[in-house]
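Two complexes, one shared chain (chain A), two partners (chain B, chain C).
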Partner chain A sequence: MGRKLLLEKAHVEGIRTYEVYRREGGYASVEKALKSMSPDQVTEEVKKSGLRGRGGAGFPAGMKWSFLAKPEGVPRYLVCNADESEPGTFKDRYLMEFIPHLLIEGLIVASYALGSERTYIYIRGEYAWIVDILEQAIAEANQAGFLGKNILGTGFNCQIYVQRGAGAYICGEETALLESLEGKRGNPRIKPPFPAVKGLWDCPTVVNNVETLAAVVPIINIGGEEYAKIGVGKSTGTKLISACGNINKPGVYEIDMTISVEEFIYSDEYCGGIPNGKRLKACIPGGSSVPILPANLLLKTAKGEQRMMNYESLADGGFATGSMMGSGGFIVLDEDQCVVRNTLTLARFYRHESCGQCSPCREGTGWMEKILKNIETGKGKKSDIDLLWDIQRKIEGNTICPLGDAAAWPVAAAIRHFRDEFEWHVNNPVESQHRNFGLAHYADPLPVPVTA
Partner chain B sequence: MAEEKKLFKVTIDNITIEVEPGTSILTAARMIGGDVAPPAMCYYSKLKGSGGKCRTCLVEVAAGSTADPRPMPKLVASCRTNVMDGMVVKNITSERVIDARNGVVEFLLINHPLDCPICDQAGECHLQDLSYDHGKEGTRYEFNRRTFQKHDLGPYIQLHMTRCILCYRCVFTADQLTNKRVHGVLDRGDHSEIATYIEKSLDNDFIGNVIDVCPVGALTDKTFRFKNRVWFLKPVDAHCECTKCKGKVTLWYRGEEVFRVTARKDQWGEVEDWICNECRFEKKKTSDWIIEGPSTVSRQSVISQGHYQNLVMPKETMPEVMGGRQPRLLMDIHSVSEVNRPDVDLSALPGPAHSTDFPKKS
Partner chain C sequence: MVQFSDEQLKKVQEIVARYPDGKQKSALIPVLHLAQETFGGWLSAETMDYVASLLKLEPIEVYEVATFYSMYNLKPVGRYIFEVCQTGPCMVKGSDDIIDYIKSTLGIGVGETTSDGLFTLKTVECLGACGYAPMMQLGKHYREHLTKEKVDGIIAELRAKAAN
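For the complex of A and B:
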């Protein structure tokens, strides 16, 4: 049983309300930080903890905070990215819905560290009911004196505002989020300048994921060094994983990054195995935009080692044989699932969510979707597979924001690992319409390279 | 004593140049000129905030600077990346760049209607030039090309959304030149389009400049529409006393007639001075203008083929061989036949022509 830091109290009855949260030890980190630490000490503590951004890229949060420009007389902003729209990822929703005060607490501490007097939560528009929950929590925190003017008599002022998005995945990209927050069209900005220098209303801004900010609370409470002891290597602390797909117990799990992928899927404590005795075929371990892996590469790395649930191990082997931790959306596919269909679904999503600003993503995502649709419906040609590869190659890395990469990677990985399934679809156009390719050899043990 | 400004040394395609700090790679490459300058479909030096979108100007940075000589992992948009001292840039000497640029051109063309034969922009279209330089002869795209619902932008400007490459130049132009922007980009992704959300006409003063900044034939001059091909016209520089703009324009003549008026453009196809709507749309008589002389047209441009600079007229040989006598006309094919009744204007009839439309002449 791994240690829990974020969701430990999530199921205490009434934890959503301020009284219960406070009774359970809530807002202790605010008291500790504001009364006994300087803003730089808080940042230092987060740096020591090795906390990595939980939104997908995994950039060290403390580093990001220390990059924030601090010119005189210019306000600084902290923006919480709650625009969680990645297919397969729903951890932030769980956190905000069940234990909203944890996020508010983390936001106050982070705002103090960064000197943000106006802090924003940019929340996905579809999470309409969570806005009410958060605003309730903010009102309660205001009443208790943890927000507003002169918090705890320290002279620090801070107010948190919740802003709803209008249903665009792209607004989860930090600069598009800032544009949207400013009331403009949610087009990603061209970097540099980075938000740490010119962000919201051209002021220095830090944008952090919900889970990252919530993790600040235990870091302050137990200390950065203590936090860094949890987990392995550069994957410190605990991570929320939202597991879904063909598993017995879908849901949000907090793991401490020391368990293996195999244990995560099959143990009763977590996903509880695959229903109806089916076998594992493939898995997207970090939300829709990370590369899909076949069962054999998922459980063991190319070197034949056990693959663990942490940043390094999931990325082991690069994109050739590995994947990414991403935002923790763990999607499991059993032997009855069709990888071509799955890839088409993802390609359709990215086509629909492309902002249309830069050409490779605007045109390429739609093209990929159309070709995949042809292959899926039995109208594909053999050359289409190579064409898909060429298109994704020309999108990746050539776009303004990471959405182009996110659209290219799933297609690339599906072709890289499941090329025979694509070819089977092309070669058997009739059969592929009423039967699946099945598990094939995707779970066969990998040939272990002989070391001399 | 004023301190001497430090110049940044940047090497682009093995050519080193010294530029002022804050110069973009594209601008530095344009200073060198020639093939070294990357193509730019969305960047416009006179529009603030433009660039970075089309990705045709991607270049490889082989060394970031003298202080940090690491190469940049991704190709960068040269129009929005500033040079650093000691930077080494590869444009046409990099295979990665050429490959990526070909890809971008292909992306720009898959949904382009390729209706150049009926497009007014043909001959001065940047996308046409770009696809001649980087495009393939065939397409790998086998699907229906994107279409849009038609929008009417009023009496001056014609919108062909199918040709648009979403460079956002016209949006910046309207923002930065006119008193109010009424058009913009609606929707997102591959169905995003330029439109005025509720049918409005674009008639703010200076809005006509969107025609000049449009790199393709998406925004064209309604007063010139289908009147003539640009390569049949002869561009002439002219000016007038205008209270709103500098009045420096190019007149496009065919014979004695002014077919259209545009702003003057520099060698990168960018407008030199913005002109007002009145100069562009209303003053179409030679008497409105003071002629300066023929405009210089790039030798590479198709427009120069009909140009009269250094024109050598073929020698008339007939009078010479006939000893000064004029040839006798057997039949004058230049007169108009009366059989088809040229006095009846067919296009003025409300419906199909009928026998009653051709009353017998008494």
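For the complex of A and C:
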């Protein structure tokens, strides 16, 4: 049983309320940080912890904080990214819904470290009921004196506001998020300048993911060094994984990054295996943007080592034979799933979500969807597969924000690893309309489980 | 005529107060949500102009935003909107069947409203409920682990609610 730092108390009866949360030891990190540490010491502790951003890119959080510009007389802002819209990802929702005070606590400590007196939680518009949960928690924290003016008599003032988005995946990209928070269309900004220098209303700003900010609480409580001992290598601490697709137990799991992918999928503590005795075909281990891997490469790296659930191991082999931890959205596909169809829904998603500023992304995502649709419906040509490859190559790296790459990678990986399935669709336009390709050579290397 | 109540105007003031002085444009997205909820579930030109005047913005600043975000409806909609997710993880769990079932049960296509004005069907992209698929958004809440029986139940429940 792995160590839990974030969700350990998530199921204590009444933990959503301040009263119970406090009784269970909540807000201790605010007391410790504000009363016994300087803001820089808090940042130092986060640096020592090795905590990497949990929003997808995995950038070290303490380092990001230390880059924040601090010009005299200019306000600084902390913005919590709760836009959570990457297909396969629903971990932040879980944390906010079940243990909202953990996020509020982390936000207060982080606001203190960064000197943010107005801190915003930008939450995707569809999570409307969670806005109420968070606002309730904020009101309780105000009442208890952990927010507002002169918190705990330390002279630090801070208020947290919840801002609802209105349906746009692109607003998860940090500069689009800031545009949206300023009341505009969510068009990503050209970087540099980075938000650390010129962010919200042109002021220095840090944008961090929900889970990143919640992790600040255990880091301050147990100390950065202690936190860094959990996990392995540069994958320190615990990570929330939202697991979905063809598994027996979809849900949100906190793992300590020392378990293997195989254990994560098959053990009863986590996903509980694949339903109906089916075999594993493929998996998108870190949210829809990261490369899909066939079963054989998912469970073992190209070198034949056991693949583990952490940043380094999931990325082992680069894009040729590896994938990424990404946002922790773990999507499992069994032998009955069609990779072409799955890739099509993702291509449609990215076409729908492209903000339209850059031609390669705006046009390319539309073309990819159209071509995939043709292949899927039995109208594809053999040359379409190369054309798809060509288009994704032309998008990647040629756009203002990483949504272009995020749209290109899933298509590239699907063709790289499942080319025979694409060809089968093209060569068997009739048959492919009523049956799926199945497992083929990338078959689940595990024996078929015995089921009753 | 489009006009917020006094209580709603107070709410608008509260929203504006979340931002530093002079940054009331930031209130636009939350105030548009409030306007859509208040004025029939969609944003007419009149509603958008009203919001512009409230926040001292040019009408174009409001149109630009209203047309960018998928949660704003720019045409009249039914009283209840079924927004069914169709992205990969939901598709794997049978969202296509659910969409087809709603279409045939209500006799409408995607983007259409039933003739009694009660139901609109929309398809949407991932709503962050992939582990509880298939699912739809219904007003402020999600309905998850959908089955045909559950869809029947939801329709019956809403018809009963509307009749009261």
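Structure notes:
The rule is short, and it goes like this: the second predicted complex is superposed on the first by the 443 of 452 C-alpha atoms of A that agree within 3 Å, B and C clash if a C-alpha of one lies under 4 Å from a C-alpha of the other, contacts with A are read in each partner's own complex, and residues count from 1 in each chain.
The definition used in the following text is that a contact is a pair of C-beta atoms (placed from the backbone, for glycine too) under 8 Å apart; a residue touches a chain by one contact, two chains touch by 3 or more.
This is a predicted model, so every value here is computed, not measured.
Within the superposed three-chain model, A:Gly237 lies out of touch with both chain B and chain C [touch as defined at top].
By the touch criterion defined above, A:Gly125 lies against chain C but remains apart from chain B after alignment on the C-alpha atoms of chain A. In the superposed model, A:Ile400 makes contact with chain B only, not with chain C. Applying the stated contact rule after C-alpha superposition, one finds that A:Trp367 touches chain B and leaves chain C untouched. When the two structures are aligned on the shared chain, A:Gly183 is found in touch with chain C, with no touch to chain B.
Shared-chain residue A:Leu387: touches chain B; no touch with chain C.
Contacts of A:His352 after superposition on the shared chain: both chain B and chain C are touched.
Residue by residue along chain A, chain B and chain C are tallied for touches, and C comes out ahead. In the superposition on chain A, A:Pro39 contacts neither chain B nor chain C.
Using the contact criterion defined above for the overlaid structures, shared-chain residue A:Pro285 touches neither chain B nor chain C, since it reaches no partner. For the contact definition in use here, the residues of chain A common to its chain B contact set and its chain C contact set are 168, 185, 352-353, 355. The residues of chain A lying in touch with chain C in their complex are 75, 84-90, 92-93, 118, 120, 124-129, 161, 163-169, 180-186, 201, 242-246, 250-252, 284, 288, 329, 331, 333, 337, 341-342, 345-346, 348-349, 352-353, 355. In the complex of the two chains, the chain A residues touching chain B come out as 168, 170, 185, 190, 351-360, 362-367, 370, 387, 393-394, 397-400. Here chain B touches chain A in the complex through residues 51-56, 58, 74-75, 77, 80, 99-100, 103-104, 106-108, 110-111, 140-141, 143, 165-166, 168, 184-185, 187-192, going by the rule given at the top. By the touch rule above, chain C contacts chain A in their complex via residues 18-20, 23, 25-30, 32-33, 61, 64-65, 68-72, 86-89, 91-93, 124-133, 137, 140-141.
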